[in-house]
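Alright, structures below, take your time with them.
Both complexes below contain chain A, partnered by chain B and then by chain C.
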Partner chain A sequence: MLPMPAVRMRGISKRYLPSGIHANDGAELVVERGSIHAVVGENGAGKTTLMKILAGLELPDSGDIEIDGKPVRISSPAHARRLGIGMVHQHFLMFDELSAAENIFFGLEPKSRSHILRMLGIIDSASLNEQTKVLAQAYGFAVEPSAPVGSLSISSRQQVEILRQLAAKVRILILDEPTSVLTKQETETLFGKLAELRRMGRTILLVTHKIDEVMQIADRVTVMRGGKTIGTYDTASISANELACLIMGATSYEEGGPHTKTSTTGALVLSVQDLCSRHRHHGGTGLSGLAFDIHEGEVLGICALSSNGLDELEDVLAGFLTPSAGTFVFRGHRFDARGSHEYRRLLKEGKIAYLPSDRVRRAVALSLPVVDNFIALDRRIYFPRGWIRSTLAQRATQEAIRAFDISARAEQATVELSGGNIQKLALARLFSKKRAELFILCEPTWGLDIRSTEQVYNRIQNISDAGSAVLLLSSDVDEILRLSYRIMVLYRGKPVADLINSGYLNRTLIGEYLLGIRST
Partner chain B sequence: MSDITTVLVDILKYTIVAATPLLFASIGGLFSELSGMLNIALEGLMGIGAFFGMAAAGLSHNVFIGVLAAIASAVAASLLMGVVILRFKANLFIAGLAINLLAGGITTVLSQWWYHTKAVVAFSLPDPLNAFPAALAQIPFIGPVLLSHSVLTVSAWLWTLGAALIINNTRHGIRIRATGMHAQAVLALGYSPDRARMAALVWSGIGSGLGGFALGLSISAFVPNIVSGRGWIALVAIYLGRKKPLWIAASCLLFAFAESLSNYIQGFSSIPPLIVLALPYAVTLVSLIVAGNKK
Partner chain C sequence: MEAERELRGPARVVLAVGVSIALAAGVLALFSQDFGSALAQFFLEPFSNRYFLGNYLADAVPLMIAGLGVLIAFRSKNFNLGGEGQLYASALAAGVLALRLPAGIDPLTLWCWTALVGTLTGAAIGALSGLLKAFRGVSEMISSFLISAIVINISDFLITGPFQDPASNFQTTRQITRQFLLPRILAPSKLDISIGLALALILVFMVVAKRTRIGFELKICGENEEFARYCGIPVAAYQIAAMAVSGGLYGLAGALLVIGPQGRVIRGFSSGLGWSAISVALLAQGSEAGVVPAALFIAFLGTGSDHVMIGSGVPSEIISILQAVAMFFITARSLPRLRRRRP
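Moving on, here comes the complex of A and B:
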């Protein structure tokens, strides 16, 4: 007799209203107990929706679920927890001001041993911290129980999230894009832990779009496309290239080579000198002593882990935050970075074009139709005498939708678009700016699938080839290595590396700079 | 004792008395604030507590019955607000405003109906129970200022300490705080943010009911607009105290001191009384500006 699978999902369909788009359309999933099982697919393939259904966060419109061979209808996250299913979300669900121990044992805190205090519902903090230590040691995690999680690094917070699931005796652990925020070194550590959990008999579901990670850690992989399951394969019997083709539904797939441009013959566009900011974003470090030059036709990549100054730099360069010191020289015009209205005028006039990392909050107005978002920033073209030229607006938007392969209609409300399509819309608007001499691109491919990412990379190379300067702010090391001519690394708000991207640079080396292990 | 000491003892003693309603209401409001709901209805809830508490106490000639009625009426009103906000998804501010308007209306109408007046309704009640043995009041300075207060005033401080314990050291308190920090996460972990919020509103109701009743009891009467902004001041105390119970208590003492001082200065005819009466509100405004600047 075959062993009972841990999870069996059959014919799962889920339609989101009011757009009526099928997130899942008869999806299937079978997961063997004690295995690491990857679920892969492009943006909007339905993998996260399928996982949310398994975790009780969404109810399917139809379909059957069996856990350990028993048919169940998972009605709530609490129900999923009772069945031993837990999910670690891409955006952590943490209580920043509570301690690691309080986060991990949330709802399961030990009561005080004293009879009277117990009656009053008082928690025994000492034994809460002790339990946390014991749990962390049992799985080889290093977590300080009493530290508020808001003060922890991203990878420690992720460990707290995983421990929280383990504290709830979860047997089936779902991880949604767990490595998107980690360095190579941190990813290796995480995979070590996952392999250890598999050895202890836990079942792990890994949602990702990184094929190399699937090949490295997963036993089996399920490919999804358009809400349907394409198939499930043993990673031992499929190649990375075959897997990529299955994901994209293409017959062949060629990853673009590294950017090999090696000269900076163009004129100086922007010089930033001695930029400092005391302002700290949540858990951030501010900026100190940052300086760089950027020339025509050059891509300068600035890389940092979260909370190491990249957010502050973005806000200073976007004009949201006034730095405490610094000088900007744009095309020979020198001005104090603190009196930033001259700099803001460059943004307003479109000489500097900015793509925000938080596309939902800063790039679009969600309630407006796509066409309004597309034309909003180009007053002179679309509102020459104060009112709108709607035919032109419609035509330009249609063209952008075609050119950037955005799955949306011009008059559709932007809120109905997936994150990937919103990003494409923001990029289409950005690249339509003819007057831009400098492009500031923040996390341009965050959350995009392989195909869209490739399209974006090609477009960035095109604008760079056409002579624009490109400043790339990204926490994705592969992206930085792929696109940049020069690479700068920030650690705790300070530049620790300023390197020409020649052959010797790789993920591991950049990772060491990012973690502050190495500096020049 | 010299004259100045007598004056000081009077002012400080009344500071403790005036802090009682503020403490009850602001600590109650803290629960709902921590659960992520700014409770602008404290003012109205205090008015409801004051009216129904005094009415029940007057009818039964029993202060304890008054306490129960004050709590019951204010909790009922906050439950109503909770159902409207959490079940029917009404806007928090509109619902709070509605409670404040309702409180003014219902107490005036019932006052007219039951007591045939829209002005002062005086009650003859038994003397408030002293919490300390009379001998302790003989201790110089500390005795009259700290050790000659009613059971209700002492309860306000026990209420504050109890709330600090609940908020920081119980599952219930952690649940409420977590809901305010990240309601989605509470839901994803299998608990109900709405239940935590409803519970927090009940705490708000208990606190503001008691606070309103303490106001009525201090003058043995119910007057329309008896609360006169103390609910709003209690709300300010939550922020000035940075949502920490003991700092909130300190803020309440500051406002109560201003009130006590303004009561005393009214005795001097040389200063226009309207300006003097504005002192507590002016202190509130200044303290907010100072606290805002520090951030």
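Moving on, here comes the complex of A and C:
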């Protein structure tokens, strides 16, 4: 007889009202105990919803769930936790001001040794730190217990989140796109930990877009499409290409080749000189003496590990952070980067198009309908002489939804959209209007599935071929290598490499620059 | 679950209104000698004749105008708690102007000037809080409240000092002559033509919010400030403008009271109107059209309690408890919204 599966979900359906969109439509999932099980699918395939149902964050409209063979109805995250199920979210839910130890044991604080302190509900932070250390050691994590979480790097914060689940004695750990915020090196470290947890008998559910990661770490993989389960496969008996085809529902799939354009480019669009800034948040790095030129038809890729100045560069270029020094020259107009009034006008007039990396906080207003978010950047067009042109706005939004294959309706509240679909909406907004002279694209394919990523890559190449300059800020080295004509690497806020992407560059070499081992 | 959330807003308002009415009946049963007649005085008397109905509607007019202002500020996530001072000072400015203008002036010109001066006074006080928020990061809730406290005291001083009517035993300015007061409708009640202005204003603001770029940009500022900056919307300007509009409408409400039902500025002129307008805005649930029933309801609680006080001797303070209860039920609504899950 087969061993009892850790999780069995049958006929799970979930419909979001009032839009009436089926996020799950009779989805099935069986997960063996002590395995790493990947759940894959395109944006809006229903992966995250299915996981949220398992973690008690959403109630299904119908369907049965069995945990360790016992039928259950998971009513809340607390209930899920009692059943031994915990979820690490794509956007971490933590208290930035509190220490790692306080975050890990939040709600399960160990009792103070002193009776009186315990009565007063005072937390013994020394013993909290000690227990954190013990816990971290037991699982081979390196976390400084007393450090405020806000000061930690993204990968450390993720470790804190995982430890938080382990502290709550979670046996089934769900990770929603854990590697989307990690660099290659950090991903390797995470996978090492996950393999270790599997060895200790934990069951791990991994939601992801990245096929190579599934092949590398998962034992089994469940493919979802349109809210339904397509099938579950052993990763040993399926090829990456077959898996990609299953995800997309296509019969064949070919990944696009690297950007091979090496011809000389056009006129200078933007020149940035001697740019310096303070850091944006705790633990970040300011920029020091950054300079680069970008020409028509050129794709300049700038990459860095987290907290090495990429966020600050984005904010300065987007007009959100005033640098301490620097000069911009745009199309021959020179201006001080500190008094960025004129520069902001370029953004406002659409000469520079900017895609924020933080889509939830900066790219949309979640509570507003999709159509409002779509027209928000081009108010000149949709509000000529101050009055709205509703039919035009509706039509343009519906067109963009079709062209970018966004699973949403124009009147739907944006908060109901999956992360990938919000990203598509933000991209559609930039690519649907008159082509800008300079595109500043920050993590453009963050959270997108393979097919959408390919579409975005094609669009980036098209705008570059048409003569726009493209500045690509990304922590995804493969993406940088694939698209860029020139590659710049930042380390601790300083440029350590400025290279032509002409075949000899590879991931390992860029990785050495990223880690500061090598510099030019 | 989503459907529940959709229903929750309106359902909560109905619940709040229902509970306060039930509670009103309960209070009357406790505090009145003759429950039946008290009940009739509270619920029926305000509508029983032309005079009572007119007075009741007249009470709702300033609530509509000021409530609309609070609503606009709410939409941009600004909380104007300075209504009392804004209304009081504006009324005083408008009243003094009306008394100083030459006696031969055309009444319409006088009304326009006083309304304008009242509006501008309120707007200036409101804008001050907006400016402090935009450039100094001072919470507009605190600054508007404190500025209002200062302004109230200054106004008290002016009324009891330089502008005191020497012929009166009350702490009040002189009376504005009858010909300069707004024409009454439903005479002999105090209802005047300003109700038309209030309804027209609500209509205008509704159109602005739904159809114009300004309304759209204000909404974006309120929903997500960082996104508004990304869109290139001048967030600081909208913060200041929203507070100015809110203060301005309080000011207009004050000015209209002076050249309307009141005819002069008595010490303590605002008498809680500033706070009641906040109840109106909360009850209206972010909709301009909702301001009308909300103002009618809040005014009804006040009017009904006045009738009971006169008729059955139940202190009107008891009734203000009801307003508080209604507020509790409505504001509780914002809690589930904050908990709304993000993707």
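The criterion applied here is as follows: the second predicted complex is superposed on the first by the 430 of 520 C-alpha atoms of A that agree within 3 Å, B and C clash if a C-alpha of one lies under 4 Å from a C-alpha of the other, contacts with A are read in each partner's own complex, and residues count from 1 in each chain.
Note that contacts are C-beta pairs under 8 Å (C-beta built on N, C-alpha and C of every residue); 3 or more make two chains touch, one makes a residue touch a chain.
The model shown is predicted, which means the values in this text are computed figures rather than measured ones.
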{"item": "Which of chain B and chain C A:Lys133 touches, first, second, both or neither", "value": "neither"}
{"item": "Which superposed partner A:Ser125 touches (first chain B, second chain C, both, neither)", "value": "first"}
{"item": "Partner chain(s) touched by A:Val360 [first = chain B, second = chain C, both, neither]", "value": "second"}
{"item": "Touching partner for A:Leu57 - first (chain B), second (chain C), both, neither", "value": "both"}
{"item": "Partner chain in contact with A:Arg81 - chain B first, chain C second, else both or neither", "value": "first"}
{"item": "Partner chain in contact with A:Gly419 - chain B first, chain C second, else both or neither", "value": "second"}
{"item": "Touching partner for A:Glu102 - first (chain B), second (chain C), both, neither", "value": "first"}
{"item": "Dominant toucher of chain A (residue count), chain B or chain C", "value": "C"}
{"item": "First (chain B), second (chain C), both or neither touched by A:Arg395", "value": "neither"}
{"item": "Common interface residues of chain A - those touching chain B in one complex and chain C in the other", "value": "57"}
{"item": "Contact footprint of chain C on chain A as seen in their complex", "value": "16-18, 48, 57-59, 91, 318-320, 344, 347-348, 354, 356, 360-368, 372, 376-377, 379, 383, 386-388, 415-419, 422"}
{"item": "Of chain A, residues touching chain B in the complex", "value": "55, 57, 76-81, 87, 89, 93-98, 102, 106-107, 109, 120-123, 125, 164"}
{"item": "Contacting residues of chain C [partner chain A, same complex]", "value": "1-3, 6, 211-214, 216-217, 219-220, 223-224, 226-232, 340-343"}
{"item": "Contact set on chain B toward chain A in their complex", "value": "165-166, 169-172, 174-175, 177-178, 181-182, 184-185, 187-191"}
